[in-house]
Structures are given as C-alpha cells and as structure tokens.
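The first chain written gets the first letter, and so on, giving A, B, C and D; residue counts start at 1 in each chain.
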Amino acid sequence: MADTLTKDRLERMITRRRDFHRYPESGWCEFRTTAKIAAVMSDLGYEVHLADEFLKPESVMGRSLDTEKEKNRALSQGADAQWLNKISACTGLMAELKTGFPGPVVALRFDIDCVDTQETNDTEHLPVKLGFCSENPGWMHACGHDGHASLGLAVAEYVAEHKNDFCGTIRFLFQPAEEGVRGGHAMTQAGLLDDVDYFIALHLGLGAPTGTVYGGTHGFLCTTKIDARFTGKGAHAGGEPNEGKNALLAAASAALNLHAIAPHRDGPSRINVGVLNAGEGRNVIAPNAFMKIETRGATEKILNYVYERAVQVLNGAAAMYDCSVEISKQGEANTTFSDPELTQIVCEAARETNGVTRTDPDQLMSGSDDACWMMKRVQDHGGKSTYIGLGATTTAGHHNSRFDFDEKCLPIGYGVLCGVLNRLSKK
Amino acid sequence: MADTLTKDRLERMITRRRDFHRYPESGWCEFRTTAKIAAVMSDLGYEVHLADEFLKPESVMGRSLDTEKEKNRALSQGADAQWLNKISACTGLMAELKTGFPGPVVALRFDIDCVDTQETNDTEHLPVKLGFCSENPGWMHACGHDGHASLGLAVAEYVAEHKNDFCGTIRFLFQPAEEGVRGGHAMTQAGLLDDVDYFIALHLGLGAPTGTVYGGTHGFLCTTKIDARFTGKGAHAGGEPNEGKNALLAAASAALNLHAIAPHRDGPSRINVGVLNAGEGRNVIAPNAFMKIETRGATEKILNYVYERAVQVLNGAAAMYDCSVEISKQGEANTTFSDPELTQIVCEAARETNGVTRTDPDQLMSGSDDACWMMKRVQDHGGKSTYIGLGATTTAGHHNSRFDFDEKCLPIGYGVLCGVLNRLSKK
Amino acid sequence: MADTLTKDRLERMITRRRDFHRYPESGWCEFRTTAKIAAVMSDLGYEVHLADEFLKPESVMGRSLDTEKEKNRALSQGADAQWLNKISACTGLMAELKTGFPGPVVALRFDIDCVDTQETNDTEHLPVKLGFCSENPGWMHACGHDGHASLGLAVAEYVAEHKNDFCGTIRFLFQPAEEGVRGGHAMTQAGLLDDVDYFIALHLGLGAPTGTVYGGTHGFLCTTKIDARFTGKGAHAGGEPNEGKNALLAAASAALNLHAIAPHRDGPSRINVGVLNAGEGRNVIAPNAFMKIETRGATEKILNYVYERAVQVLNGAAAMYDCSVEISKQGEANTTFSDPELTQIVCEAARETNGVTRTDPDQLMSGSDDACWMMKRVQDHGGKSTYIGLGATTTAGHHNSRFDFDEKCLPIGYGVLCGVLNRLSKK
Amino acid sequence: MADTLTKDRLERMITRRRDFHRYPESGWCEFRTTAKIAAVMSDLGYEVHLADEFLKPESVMGRSLDTEKEKNRALSQGADAQWLNKISACTGLMAELKTGFPGPVVALRFDIDCVDTQETNDTEHLPVKLGFCSENPGWMHACGHDGHASLGLAVAEYVAEHKNDFCGTIRFLFQPAEEGVRGGHAMTQAGLLDDVDYFIALHLGLGAPTGTVYGGTHGFLCTTKIDARFTGKGAHAGGEPNEGKNALLAAASAALNLHAIAPHRDGPSRINVGVLNAGEGRNVIAPNAFMKIETRGATEKILNYVYERAVQVLNGAAAMYDCSVEISKQGEANTTFSDPELTQIVCEAARETNGVTRTDPDQLMSGSDDACWMMKRVQDHGGKSTYIGLGATTTAGHHNSRFDFDEKCLPIGYGVLCGVLNRLSKK
C-alpha cells in the first residue's frame, strides 16, 4: 500500500500540513482552509458541496463572527478567491466520488479547525524553527487537525488516482468547528450520514506514540457546552451600593455551586466553568458577567442530569441577586462505541502498513468528539462506524501552546486509511 | 424620694430579683414569673389583666412551646398555683391603678423574660456563690430583666402606698418575650398604649456604670428576626448522590450570600446568620437545614431593603438545589427617639436621687428593643415617650454566661421612676 | 445442613434478633450487646476475649461517650451484670474454638452496632406492631446488624454442638462500631487476623431480595470520616460585628468548596458534608461550627487526593475568617476484593441451602465497610477472604427510619455459613 | 470680579474644555493634556515643573502603560511636541508664580485625567451633536475633569494678568490619575504641599445644580484600591481534572467572602469586587484569575479593618485551592474635613459671583478623592484646606457614558476661585 505514497505525494502532504498550521482558523472561521480543500478536491474530480448547501441554520451552534472580516483575512492569507467567493456563511465541505458501480457508501471524516491558543514563539518549537508558526494571533493548530486535513487530501489523491478500482460511493467530510463540538451535529443533521454503510473518523496523538494504531475507541463522554450571561444593574459601589444588582457575585456563586453538583451513581461526570468575565470598573457594582461552561457525562442520562442541575444552579444564583441569566448551548456531543468488525478491518490494514509497530483494537478516550453524532447516526441506520487512534509522538499535550506532533504519523495514517478503503470499497 | 425606700422594701427588691434570677424563663415561657407578679400586684390592689385577655393571637410571633410542660415546671418551681391556673396560653400582664381623678395616663414597661444562655457554674460568679444561679438549664437572666421585674414591683409598692397622692392612671406593663423582639409588638397591637400620655421604658447596664442615668436613648436599629427552614431530599452520599437535594449546601450558600448583601446609602444596616443546623448523618446528603437570621437597619426603609434582599437570597439559594424554603418572621422592632421634654424630667428626677453621679439626656443604642413599638404608638397618638438608661456596672457583657450586674442600680432606678411619677402624676 | 436448624434454635435466633433490635446501641456503646454475646459464647464453651484485652488505644477512632452512663443504661436494660463489669472501656469481643486438631484458622465477622436514627413509631412498622421497636431514642438497628449478631450466635451454637467434627480454629469476631468504619481497623491492628487462613464477612439486604446469595463482593470505596471543628470569636452582631470571627461563614464556605473538589481521572470519588452545626444565638456572630465529613475514593490514591484537598479547603476556609480549625479522623476503611475460590465455596454452600433461589459469585458494593481492613490483612498474609451478600427483602432503604428486613434471610444465612464451615474446617 | 472674565477668556475656557473632552486621557496617560497645559502655563509666565522632576518613583501607584505608544498617540492628536518631548515618564505638572512679596503660599489643585468609559454615540448627547465627543475608544471625560483643567487655565490667566496685585506664592497643581486615587498621594509625597498655607481643591457636579456653591466638604471615605492576581494550574477539565489548581473557583470564593466582610461598629465601610476575569478556555481548569477590588471606610481605622480582612480572605481563598495570590495596592485616599474659616471665605467669594443662587458651607461626600492627601498634609503643617463643591447640572450621573455638565458652571467657578485668591493673596 505504502508504495502508492510517492515522494511527491508525501511532500505535498507535509507541505499542506505546514501551510494549514501557519494559517490556523478557529471553528466556523475556516474560510481559507475550506477554499483550499475545495479547490484541491475539485481539481481531483470530486463533486464538491460547500456547507452553505446543506447545513440547516437552526443546527449551527456556537457560530459568532464577523464574516466579512474573516473572509478578507482569508483572502489576504492566500485563500483561493474563486472558491472563497462561493462561501456565503458556513465553512466546511463534503466531497464525494460516486463510482456508479454497486457498492457501499463509505464516509471519512476529517476535522479542520484550530484551537483558541496563542502558539509559543520559542525557537526550540519546530514550527518556529522551520517558519510555519501560526500567523493568526490567539489561534493555533494545537490539536493536530492540520494533520487531519492534509491526510484527508492525500487519501483523496489516492482514491482519485485509483477510482476505477472502486465501487459504491466514497465521501470525504471536511468538518468545521470540532473544537467546542459544534460542527459534527450540524453535519449529521444535514443528512450526510443517513445512507452511509461504513464511517471512519481518525485522531492523531492522544497519548499514543508514532507507530501505534488503535482500530477503535470507546469511552467518549457526552458533553454540552453552555454559555451563561448574567445581567444585573450597575451602581456606584461607594455612593449607592444598594441600587446595584451584582452580576459578578451571582456568577461567582453559580461557579462554586456548579462545581458542587453531586456525582452520579451510574458513572463519571464532569463540569467546568472554564472562563468567567465580570464587571466594568473597580468602583462599580458589576452589572454583567459571562461564563463558559461545559458539562460531561458517560451516558446521555448522566449528561442530562448534570445539565439540568446546572440550569437550576444558574437560575437560582441569578435569582439570589435579582439578576437575569441567559443560558445558551454552544455545542454538543454524545457518546458511542466503535464497531468490532470494522475495528478488526482497521487493524488488518494497519498491520500491512509500514511503520506500524503496534496495533490494538481499542483505545480509551477521556474526552469528547462530535464525530460521535456521525458514528451513532450511521449505527442507528444499520451501518458500522469506527474512530481510529493514530499514534503520534507529541512535544506537549493537546491544546498546549508548545504542542507539535511527529509528522511520521501522516504516512502511517495514509497507509491505514487507503488499506481500509481497499478492503471496503474495492470492486 | 429615696427615703420611701424602706429597708424592707429594698430587701424585698433584692430578694425578688434573685428569685427571678434563680428561675429564669425564656420568652413566652414566663409562667412562674407572670404568676408571681400577678399575685403581688393583685395583693397591692391593682387591677390585673393577664395577657390572654388582651393579646391578639395573630400578633403573637415566635411562640413555640409545650404549654403544659412549662406550666408544670413553673408549678414545681413554686409558682402561685391560683394565678398559674388562670393563664391558658400567653404570659405577661398589665396591671393598673385608675385613681379616678383627672390626670394623665402614664405607662411603665418592664420586660421579664430571660436569655437562652447556659449560666456559668464558676464559683467566682456571684449567683453561684450566693446560691441563686439559674436552675433552668440553657436559660439565664443574662440581660438584667430580673432586675427590671423586681424594680417594677418596688415602684408598684410605692404607688400603691401613696395612691391618694396620684391622679390619672398609672399602668404597669410586664412584657413577655423581649428577647427576639416578640412581645412588644403584640402588647402594642393589643391597644394597651393607645390612650397613654407618657410612656417610660428602662434598661439597666448597656455599658454605663452604676450612678449614671440617661434620660433618653436614640439610635435603635429596626430589626426583623427570621427563621428559614430548607427542605431537600436525603440520599446515600456514596451510593446515589445524584438522588439527593442538598439542603445543607443550599443553606451554606444562602449564609454566604446573605452576609454579602450590600450596605445601604442611607445608613447602617446589619445582617446575621447566627445559627445554622443542617443534616442528619455523615453519609447522607443533608435533607434539611435550619437558620436563625436577623436583619437590622437604621430606618424602616433600610430594614425593608435588607429584608427583601434576604428573601431573594433565601429563595434563590433553595432554587439552586431544588429545595423548598419556608421563611417565617420570629420578631420585629422598629426605631424611634426619646422625647426631649420627658427626657429632661427624667434627668431632673435623677439629679434628686441618691447614688446618681452623672446624668445625661441621651445615650446611643447600638441594638434593638421592641419597646420602640410602644414608644412610637404613644408618640403617634400625641403622647411622649422615653427609654431610660440606668447605669449598672456589670461583670461581663449582656448575654454572656458570666453576666452579673451591680444591684446598687436598683435603688437608683427606684428613685428615678418614683421621682418621674411624682412629676407627671401628682395631684 | 438446614436440618441442624432446629425449631428451638430458629426461635432463639429470631428472639435474639428482636431483643437486639429493641435495645440498639450506637458504635462503641454496645455494652449490653457485648455482655449478652459474651455470656452466650462463654456458656457455649468458647474462649471469650473482651475488646479491652486486645484493642490498642491508639487504634480506636471516633470513640466519644460517657462510659459510666452507658454502662448504667445497659444494666437498666437487662445487660448481664457479671460480663458488663468486666468491660472497662471498649465494647466488642473475640471468641474462638481451638479444636486442637491441625487445620485452618477460619474467622467469621459479625458487626453489632446500630445506626444514629430515630426509629419510626408508625404502627404499620413491624417492630412497632410486635413491640420490639427501639427503646433508645435516636438509636435504631436500621442496617441489619441485629440480624448479623443473632446469626453469629446461631452459627456458634452449631459449631459448639459439632465441635468434634471440626479441626483447626474457628474464630468469631463480634465487631463494634462498623457504622462510621471505626472498629474494623482497630480489630485488625489488634492482630486478630494475622494468622487467619479464611475470613468471611456477611451483610444482609443491600438491595437483593430474600433467597439471593452473593458469594463475594467488589467495588468497596475507600473512605475516611473526618470531623472538623472551627473556632472563631463571638460578638454582638448589631453592636460590634467587626469584633467577631465568623466560624459559621468559615464552615459554610468550606462546605461549598469541599463539594467542589474536582473528580479524579482514575475513578470514582465522593465527598459529603453530612452535618453542619454552627452558632449560639441569632444575634451573635457565630463563634463555633462543627462539620461531619466523609471522603471516598475507588482506590487509596484517589481517597488520598480527596482527603488532602479537603484538608486544604478546611484550612483555607478557616484562614479566610481568622478562625482555627481542628480536623480529626473519625474512621477509615480501605477497599479490597473477594477471593474467587472462596466465593465459589460460598456459592456451593448456598446452592445446598433451603430457600436460596439464586446464587451469584459477585455483587457490586457502592459503599464502604471496614471489614475490608480484615479482608486485606488476611490476603496480605496469604489467606483468602470474602464478603457474602445475603439477600433480604426490606421495607425501606438501609439507615431509613422505616427499615425492616425479612427475617427469613436468617435461616438462609445460617445454612450458608454452616455449609462453608463444613467445607473449610471439617476434619 | 466677573468683569475680569472677558468674552475672549470665556470662549477660550469653553474651547479648551471641549478640546480636553475630545481627547480624554486615562490616569498616567495624560501626555497630550500635560503638554498642552505646560505650554499655556509657560506662555503665561509661570515656572513650570513637569512631574518627572518631582514624583518619587516609589510613590507612583497603579501606573501600567506603553509610554511610547501613548506619546505617539498624543502627538498624533496634536500634543505640543516640544513639551511632549520633555516628558520622559510621568504626566501632570506643577506651575507657580513666586511674587517675591511676603505672603502666603496658596495652592490650587485641578485633576486632569478621564474615566475608563466608552462615551455614548447618541446624537442627543451634546458632545456628539457639537462634534467634541471622545476620539479615544474606552476613554471619556465622564467626571468633569475636562472642566477642571480648563477652569485652572482660566484662573491662571487671571493671576498672570494681575500678578502685580498679588503677594506670596500661587501654585497650580495639575494632578494626574485622580481616578483610582493614584496621583494625589504621589504629589503629596513629592513635597509640593509642605509649605502651603491655603489649599483649595474643587469638583463640579456631585449632584448639586448650577448656581450652588459649597464652601467645603466632609464625609470623604478613606479608600484603598487593590488588585489581586491568583495563579493556579491548568489541566484538561475532562481528562485530568484532579491535576488542576482552580484559580477561578479561588477567586469566586474570595469575591463572595470579601463582600461578606462584616460592617464596623464605628461607621460606614464598603468593599467591592468590581472586575473579575478568570480562565483560558471552556475545557481547561482555570489557571489564573484577576480581580479589581476597592475597600473604603469612614476612618483610617475602619479602612484598615476592611483591608486587613480582605487580605485574610484573599490568602485563605487561594490556600483553599492551593493557588498563590499576589495582592498589590493600586491607589489610596484618606479622609479629612474642610477648614471652617477657609470655607467661609469661599462662601463670601461665591456670594459676590454672578450666577450663584445658593451658597452652603458644607456638602456631604459619599465617595473618595485623593485631594484628601493634600488637604491633610497642609492641615498637618498648620495650614488650611478646603474642597469646594461647584454645582453643575448634569445629564447623567458621574462615570455614566451619557454624562455631560452645564458649562455655565465654569464662569461661576472662575469667579469663586479668583475671588478667593483676591481674599487670600492680595498685597
């Protein structure tokens, strides 16, 4: 298989990865990335559908940006102008090859957004040393999605090159806004998974070293991301403190009591108030407060318990200070498991791939991924899903400002995914 | 004047004070005290009205006791059986002399209840040394009301002895339940002050040494006493914590946020959660919590602000934990001021009294007294009121388990009150 | 086996259980219970060792009582005077049969204390209806230890009756103070388990109906029971609030932040502030507060994490209010597992017992039991331990004031334990 | 007196006020304002001393800015380049006229900084309508210091014009950074008040309508401004929450308990957490938190009580979460009173001023001003100080984004100050 990875293709994969890394784009802002992928996929002969075509507006969560400003930025950073102009609002795309021969629908998902982290400028950091460090302040590919996007394009090249060998449909989902688990639900609601027989997502890193391949994953935590915005009333803190409605104290009280939500008998749960910003000035009773919260649970039942308790706490805390509170969902993911049979197919493909030193059917995930919506939709319709763990040695934990991964994982990922497609979709 | 204080009368005053001290009775439980006072006043020829005659049930706050049990206790401690039997529920009494001659209605108020404090058994403590320490566990005359009651009876003796010298009506109010400011409002609502021309309350101690007499008082804080009872739901803290509704945490959160109520532009305010009891067992999510709260303010407006904020906080805290909370008023006092003219009359009487070394028209009160209801009612009807500060050197602060006062203040108080009556009600 | 349960023995077992139920005794107060068991065991020919003989004082946690008062109560409730007099301080006992024939040391543990719960007086409650409701206010056998103690005596009768058939040593541990996990550690530290080859503990109920027998148990949570006592400084809340050091607010703040201790990556943890009592009076800044806390964790590492965080929170909260806090351990339990081989032996014995409708090798425990100290000590010395789940239909959850269990579980427990002994210790 | 206010001078006063309003500069950033004032004062013949000459670095609090950036901004907004270049770091200035004739040292203080508020762009707002709305985002003259600065220059013109009529020294203090009470202490520490016989500060507005003049002021609250910076440790909130040290919860707990600091027996106090910013991302245990706090008290004793309690709370809250906290003072003001004699002189001057409809010796201040440092230093050296209240009808409260004041107050202020100087410093 690996012999299909020509030197040219490998170089392109690395070059593209570093280009994505240099121009990272946060969730729903991936205009440059989307335009670039669309151009490549279109040139390869795929039928390209931009997200505006299929995303239902009511399913789009956590999207808040100045579209024009971001498109201008993308353009100034070398986005393909023609494709950029076709995007009116939503980023991400689907591109597929319909072979015309009877066969399964196979979908591969690659997430393309970056993390809201400022990349280190330490000269020991490889992207700094080699000059592909983030040019977008506060944004950084610190989770490896630059690798995912680039890997997807390389696999797409392979498929396009061998299209006559395949049957059924091969569908590439380049998903926006995975961070904050926002885009996965929207793409699922769009119906893109309804006819899929085999679904494959992949994540690099996650603590496993280069050379390891997990055929599947379990233990995803269901999660809901919540913003809470308290509104009270300002007043001079010295002159008439009794006139104020203290949103800062309402939020502080909420934060403490949110973290005090009791655990659930049935399994792990989590809650975090990750961000709290309140107040206008030192001598003013704070009239406003804003909190970013996330709730998690091993099952939907546990998540619902935590979420409902969180809503009680937020409302009660606001009432204590005669404030109002606006609660809005900013993202959601559920949990599911990898199909054992498909997991085995991945492991077989991995064992034939150069550089793979260890295969394992299953890894434990301690976080969340909105690919779960897609996996579950496919499973609910009788299809099979898996979430591959692609080992990649990293220099720091995911989301850390010093994160970098071993690019040697990319040819391995290429080999595994091409191998799986050969097993599932060969005529 | 002081020559009317015969050695016998002085001895009786001291003896009665020590007797009251030995058998202290908490608010609304003053069965023995009431029966004893009623017997004396009746024997002296006064028209005695027990509280059951005049108190309106709906005006009685903070009364919760086992009447039979307390009456039995009173009986076993030497209460006058005949008078005890006449009391069906409420303690306290009014006794008056109607002279039949035209003249003012003068009312004197003496509060008779004790404090919920366990008296020290230190042998240095005078009541221990002389054998009149409290025999009622958890109850103690630690505020001086034993002195007030005894003083009232001595003045009543003087008035009875000289009844032919007086005109108008002289009315003695022996008030129950001043601690927790419960009885004053009830006696006012009963109409006992509606026809009063001059009203005089008195308190011994309050930081002034024996020999000092203040003709009046200002700065009383309005206050409301509140009980809050949270009800949640118990659950095994290890096995199914998610099933609980944690009343302890609701109350803890309420306590913090109650104390964080902002001060008021217009003047001093106070809030205190003095008592918090919650929970049933170490390994059970606490299903209940109980709090004793008091709110204070320099004016009714400020008090209302604090009270309304407190209700918001209590309800919001309960809502955070899906608990219910029952809020009940347990006592109330307002604020008022002493009439300058009447204050001067007191000072004149004081200057003629043996043992008085300093007179002052006005003392500052940093607490509350429900005599304010009576004072204000009289003032609202065009009468004059004052609240005398009777200096008394003490061994410890009021409400302290080691509190004792210098009995030499009693003959001074006797002299001042008799002198005031001679000025107001002499034919 | 069950044919050894004569009508007389069954009746004695029920009668004793109801007698223990009527006179329940809280942990370390089991004077009547201990004296009674000692008398029976001694009469049966066992070598009886009272706890004073073997417990090391420094290993006794959570013991705080008026020994004389409790012994007097026990005497007045029919305790065996001779045995009672032999107890100077600690309750509980060990009684053993040394057969003199080579064979294993088998230890059986029965816990004998009650729960701090007020039993319902509802006439529908069987102990009320039949007249064996608790006579000790605030104490109740609401966990089934009355059944355990009675069952232990019945098994001891069987062993005594058939002593010539047995080899090795059969040791009965009647453990005090299991509630609050206090006595188990002390008995283990006393060395009573150091030579044991097979150790068997048993608990009735736990959610399983009569007829079910679990051969073993897993999932015990390690736990530490903590008391925290805050000392601040009282002050009049109206007059000089700034002089106070508010222990109530320190404790309230601690409670909230204790419950907010983050969960642990490695597995379940728990924390509970079950009881909070603070303050002296409504108008006094609370000078004291007392909290009963428990921490739990699936492993010792997790427990230690929670415990250390709890200590940080308690000290920090006290510091916020310039209070001191005294933290004391009141009990401890660790976790362990049941030995698979011994579990199988229990299941075999169960399958031969009348009334058993279902056997299962393993139940999941969501709580803690200080039998784990004993189990682990035996395992650490190369022995085998198990914790039998004896199904018993109950009228309400454990520790509930309406708890009662189906006494039909007792003959089943008798059959299982005798059967196990026949398998382990028969010559 | 008013006849000295020529039409030209009045127009310049209004023009300058609007110019200052259009280019407001926050505390320690007043480069353009300082340069402009220095140029005018120098041209008028005053001896000008820039702040760099006299401010001691260790006395400069709450100064944190990019000096070059602000100087560039000032230059681009028309600052006098020559004077701007002379400022190396600190803004503000002192300018004086030494007459050479024996006589008192009289100091007048004008504060020149703006507030951190975004000015409204409502077209009904006069500065918007007339085109002098703030050009500096987030900065606004919403307290009237634009009027103070302009008024100071007009009075300086008068003095320069009549310099031969005056004796002693007349000193103008153009103070930076009054907001946040930072500059006043620094100027006092610089010794500028040590030889002053009469000191006069002035504030327009403060709730009094145009035409009212208060000769003096009392009731200033002592205040300390504090920043608190908590440092904990980030960790993935789902994957390893136990690894975090939650600075957000430490700060939330601090905020609640700071607001719960008990009031003081001796008089009013205040505390406010006006701003709280914590956390980095939704799914990260927050590793940092920042709070802006202010404490106030009617006396230094009360302020010290609140400040010391605040430090206890901050340290205790940090300890609860194993975080560190860095506490830094950002500003300070004390309290003082206006001298009655000087107050009378102001009232006399006011009564001779056109447009004055009411004079009053004393206004009550419910806030803080760091002119108190200056007033007190002068009083401590035997001089006399006052703080004039210059009535000015306003469109909204001070610090509000819609604040504007009636410019008719400026000629009144001119008349009063010139009149006072004529009384104090005329030969």
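What we mean here is this: a residue touches a chain if its C-beta (ideal position, glycine included) is under 8 Å from a C-beta of that chain, and two chains touch if they have at least 3 such contacts.
The structure presented is a predicted model; accordingly, all values stated were derived computationally and were not measured.
Set against one another, A-D and C-D show the most C-beta pairs in contact at A-D. With chains reduced to the mean position of their C-alpha atoms, the one farthest from subunit D is C. Subunit B and subunit D, compared by their mean Cα positions, are separated by 50 Å. Separating the centre of subunit C from that of subunit D, both taken as means of CA atoms, is a distance of 68 Å.
Work out the mean CA point of subunit A and of subunit D, and you get 50 Å between them. Residue positions 239-241, 246, 249, 253, 256-257, 259-260, 262-263, 265, 270, 285, 366 of subunit A are each in touch with at least two other chains. Contacts from subunit C toward subunit D in the complex involve residues 239-244, 246, 249, 253, 256-257, 260, 262-266, 285, 305, 312-313, 315-322.
Taken together, the subunit B residues at the contact with subunit D in this complex read 256-257, 259-260, 262-263, 265, 268-270, 366.
By the touch rule above, subunit D contacts subunit A in their complex via residues 116-117, 180, 221, 223, 225, 236-241, 246, 248-249, 251-253, 255-256, 259, 270, 272-286, 289, 292-294, 296, 330, 366-368, 397-399.
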